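One chain, chain A, appears in both complexes that follow, with chain B as partner in the first and chain C in the second.
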Partner chain A sequence: MTPSDDARVTLLLSLADDELILGHRHSEWTGWAPHIEEDLAFSSIAQDEMAHARLLYNLVGPILGRDEDSLAFGRQPEEYLNALLCERPNLDWGYSIARQYLYDTADAVRLEALTSSTWKELADLVEVLRLEETYHLDHARVWFQRLAEGPVTGRQRLADGLSTGIGEAVAIFEPLPEEEALVSDGLLPRQNEDLLADWLGAVGEELERVSLDFVLERHRSVGEMVPTGSGEVEEVGQAFNVPGLVKRDGRWTHEGGFAGAGGRRGRHSPDFQALWEEMTGLFRAHPGARW
Partner chain B sequence: MPVWDVFGKRTPGDEFVLVGGIKAPDTEMALVLARETHFRHKEGVAYGVRRRGEEELHVGSYDPDLIGGVTDRSYRRQEAYAGVGGKLKRVARQMAEQGLRIDRPRPPQHRSQA
Partner chain C sequence: MVRRAEDTTDLELEIWRALAQVHDPEIPPCSITDLGIVERVRVTDEAVEVDLLPTFAGCPALDVIRKDAEAAVGPAAGSRETRVRFVYSPPWTSDRITPEGRDALQSYGLTPPGNAPVGGAVRIPLGALRDRDAIITCPFCGSQQTELESAFGPTLCRSTHFCQACRNPFEAFKPKLP
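Up next, the complex of A and B:
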């Protein structure tokens, strides 16, 4: 089964849009992070994520006949395929670090899988991205450990952030349209369901080590999705649900499947509209401008 | 919060030299923050931190090629004012061809010393 160009585009845009939108949220900390050193570090990570999105847009651009700016800023809200987790507002530092930890651990699992993609340009690019993502993961883990093992207020905020984010972090692995074809052709070397199992097992162990695994049982459900823009997304007739998280034979795993449609099918939370308007405002106000 | 002196090597043959300082609660966090605050634009090939008042230098473990990133970071360079003079002359010439001219006076020379 050969995947269509649309399937390739979906695979790349889901990766790229995650990086762009999370990078945009990270950048909102510039000038507001807890201290000046962290302000620089988090801003730099934000720029890295946007640079990664740019490289991925340049890979998908020739298929669509569009340049990187047009892909990053020139699409309608329902054409963005980022996971819901990436578009949520920053809330507090506890949530932002929890989200960075959840996202970058999930990203590491999927990037490792993509290094053996039969799409050679993608596999080569992913090798480069992983070198920089290693640093992001170091940053997330250093903060994660200090908040988890530190004074009670910081630990509670981290726990609240994890509870808020973990359901939507699972949805990073929402199956892609035409995923079967992508897997059978080797473009996506493993199913998202397998990647989710790997990620959840590893994160479950890390959370148990710091006695925060209760967030896997007591967490917020994935928020209600709304059709965005023109409503051209697939009508599914039911709310977006992600697999339940349970512990079986000493390992955290998921039960049930994804239902409905989330970010990978262009369905976003109400938070996305405001982000999109701000992020694309300049581009939309001056069509075709160069600077 | 403890203060850490940040050291770096510009080339592999250099000795570590002091390049700045940061605040961080411990060595691991100091190394993570030092890398991004002082070496994110490829300022060197090695870096380390030393808690002020102590002797031991803790050296970052990243490969020299990874310090400062591996992707194109030219977009991070501040070049907002590069080429402004040339652009002004070009625009003035284009306006002159249309019979127009910029008649707003230029700021006085050495105005900061006035």
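Up next, the complex of A and C:
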């Protein structure tokens, strides 16, 4: 089975839109971070992420016959395929760090797999991205450790942030349409399900190391937090939850479905609308404006 | 002035010399050849093609560097078309910076990547930026008593440090290595 152009586009836009939208959120810390080094850190990470999105848009552009500007700013909200985790507001420092940690650890697993993609141009770009993502991961881990060590308010905020973000972080690995074809052709070398297992297992170990695994316990059962089966995004507090985290043979794993997610199919939370309006405002007022 | 080289090999050398006059606007003393940005020069009957590697993908100086490179190569290329483009394979790594480039960074007050007390490029892992044992010498006084302030700085390619000996903040060119 050969994947269609649509499948390639979905794979690329998922990667690119995650970077663009989270980059946009990171950029909102510019001028507001707790101190100037962090102002520079989040601004630099945002700049990197937007550049990565740009490279990926330029790879997918010829298939769609569109340029990078029209892909970044010229699409309707339901045409963006980012994971919901990336579009949430920054909330507080605890959530921002928790989200960066969850996203960049997940991104690292996904990028490592893509280095062996049979799509040569994609595999080449991924090598470039990984060299830069190393610094993002480093930043997230330093802050993760610092907040986890306390004092208690910081640790609590990190735990709350992880709890808010963990479900939507799982949905980064929501299966793609035509995923089977992408995998059998080697464009996506491993199934999202496998990548999720690797990532969640490793995150589970790291949370246990700092005694924050109670965050995962909260999402253990398919309980009251189940979103509707229709796939609509439901708000539960700050975020909806992909439920069904369980520990098997000493390793955390995901046994629930992805109902309520849908980022890879263009479904978004109410938070996306305001972001989209601001991000695309200039381009909509001046169609054809260049990056 | 339009100059003509006898054969393509001579012309290639001339192109390389022209590119050695192009500087990264964010690091003025360092030419793009010393930064290891120039991956390939190819001369055909019709065109002069130059492949450049971006240091960091989001570097805002890339367009300026490409235009400056085109302008520098133009006179030597003569009637041939000049094509300067950025490519992403192989990825640029900081060990592509030449010894001359490292000296230029140092004299500019920017500690070269993988800086060590005795000469030569030393590969250090990224995590070592924070490691107490990693040696990032102060570009002003040469002291090794320095601290990492942040892996991020005024440009994407720089980290920020503080020297305990001369009490100066300073910047280093970030290592970028697999």
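Note that the second predicted complex is superposed on the first by the 259 of 291 C-alpha atoms of A that agree within 3 Å, B and C clash if a C-alpha of one lies under 4 Å from a C-alpha of the other, contacts with A are read in each partner's own complex, and residues count from 1 in each chain.
Here is the rule we use: a contact is a pair of C-beta atoms (placed from the backbone, for glycine too) under 8 Å apart; a residue touches a chain by one contact, two chains touch by 3 or more.
What you see is a predicted model; the values in this text were computed from it and never measured.
Student: Given the superposition on chain A, are chain B and chain C in a clash or a fit?
Tutor: Verdict on chain A: clash between chain B and chain C.
Student: First (chain B), second (chain C), both or neither: which does A:E132 touch?
Tutor: both
Student: In the superposed arrangement, which partner chain does A:D124 touch: chain B (first), chain C (second), both, or neither?
Tutor: Second partner only, chain C.
Student: On the A-aligned overlay, A:E37 touches which partner chain: chain B = first, chain C = second, or both, or neither?
Tutor: The answer is both, since A:E37 touches chain B and chain C.
Student: By the touch definition at the top of the document, which applies to A:A51: first (chain B), second (chain C), both, or neither?
Tutor: Both partners, chain B and chain C.
Student: Have a look at where A:R267 lands relative to chain B and chain C in the superposition and call it first, second, both or neither.
Tutor: In the superposition, A:R267 contacts neither chain B nor chain C.
Student: May I ask you to decide whether A:R146 touches chain B, chain C, both, or neither, giving the answer as first, second, both or neither?
Tutor: It touches chain B, and chain C stays clear.
Student: Superposition on A: which chain C stretch among 2-10, 38-46, 74-82 or 110-118 collides with chain B?
Tutor: Comparing the options 2-10, 38-46, 74-82 or 110-118, the clashing one for chain C against chain B is 110-118.
Student: Do chain B and chain C touch any of the same residues on chain A, and if so, which?
Tutor: The overlap between the chain B and chain C interfaces on chain A comprises residues 37, 40-41, 44-45, 47-48, 51-52, 55, 128-129, 131-132, 134-135, 138-139, 142.
Student: How about chain C: which of its residues touch chain A in the complex?
Tutor: 56-59, 88-91, 93, 126-127, 129-130, 149-154, 156, 160, 174, 176-178
Student: Which bits of chain A are touching chain C when the two form their complex?
Tutor: Checking each residue of chain A against chain C gives 37, 40-41, 43-45, 47-48, 50-52, 54-55, 124-125, 127-132, 134-135, 138-139, 142.
Student: Using the touch rule from the top, collect the residues of chain B that touch chain A in their complex.
Tutor: The touching residues are 22-25, 28-29, 32-33, 35-37, 40, 62, 66, 69-73, 75-76.
Student: Quick check: in the complex, which residue numbers of chain A touch chain B?
Tutor: Residue list for chain A touching chain B: 35, 37-38, 40-41, 44-45, 47-48, 51-52, 55, 128-129, 131-132, 134-135, 138-139, 142, 146.
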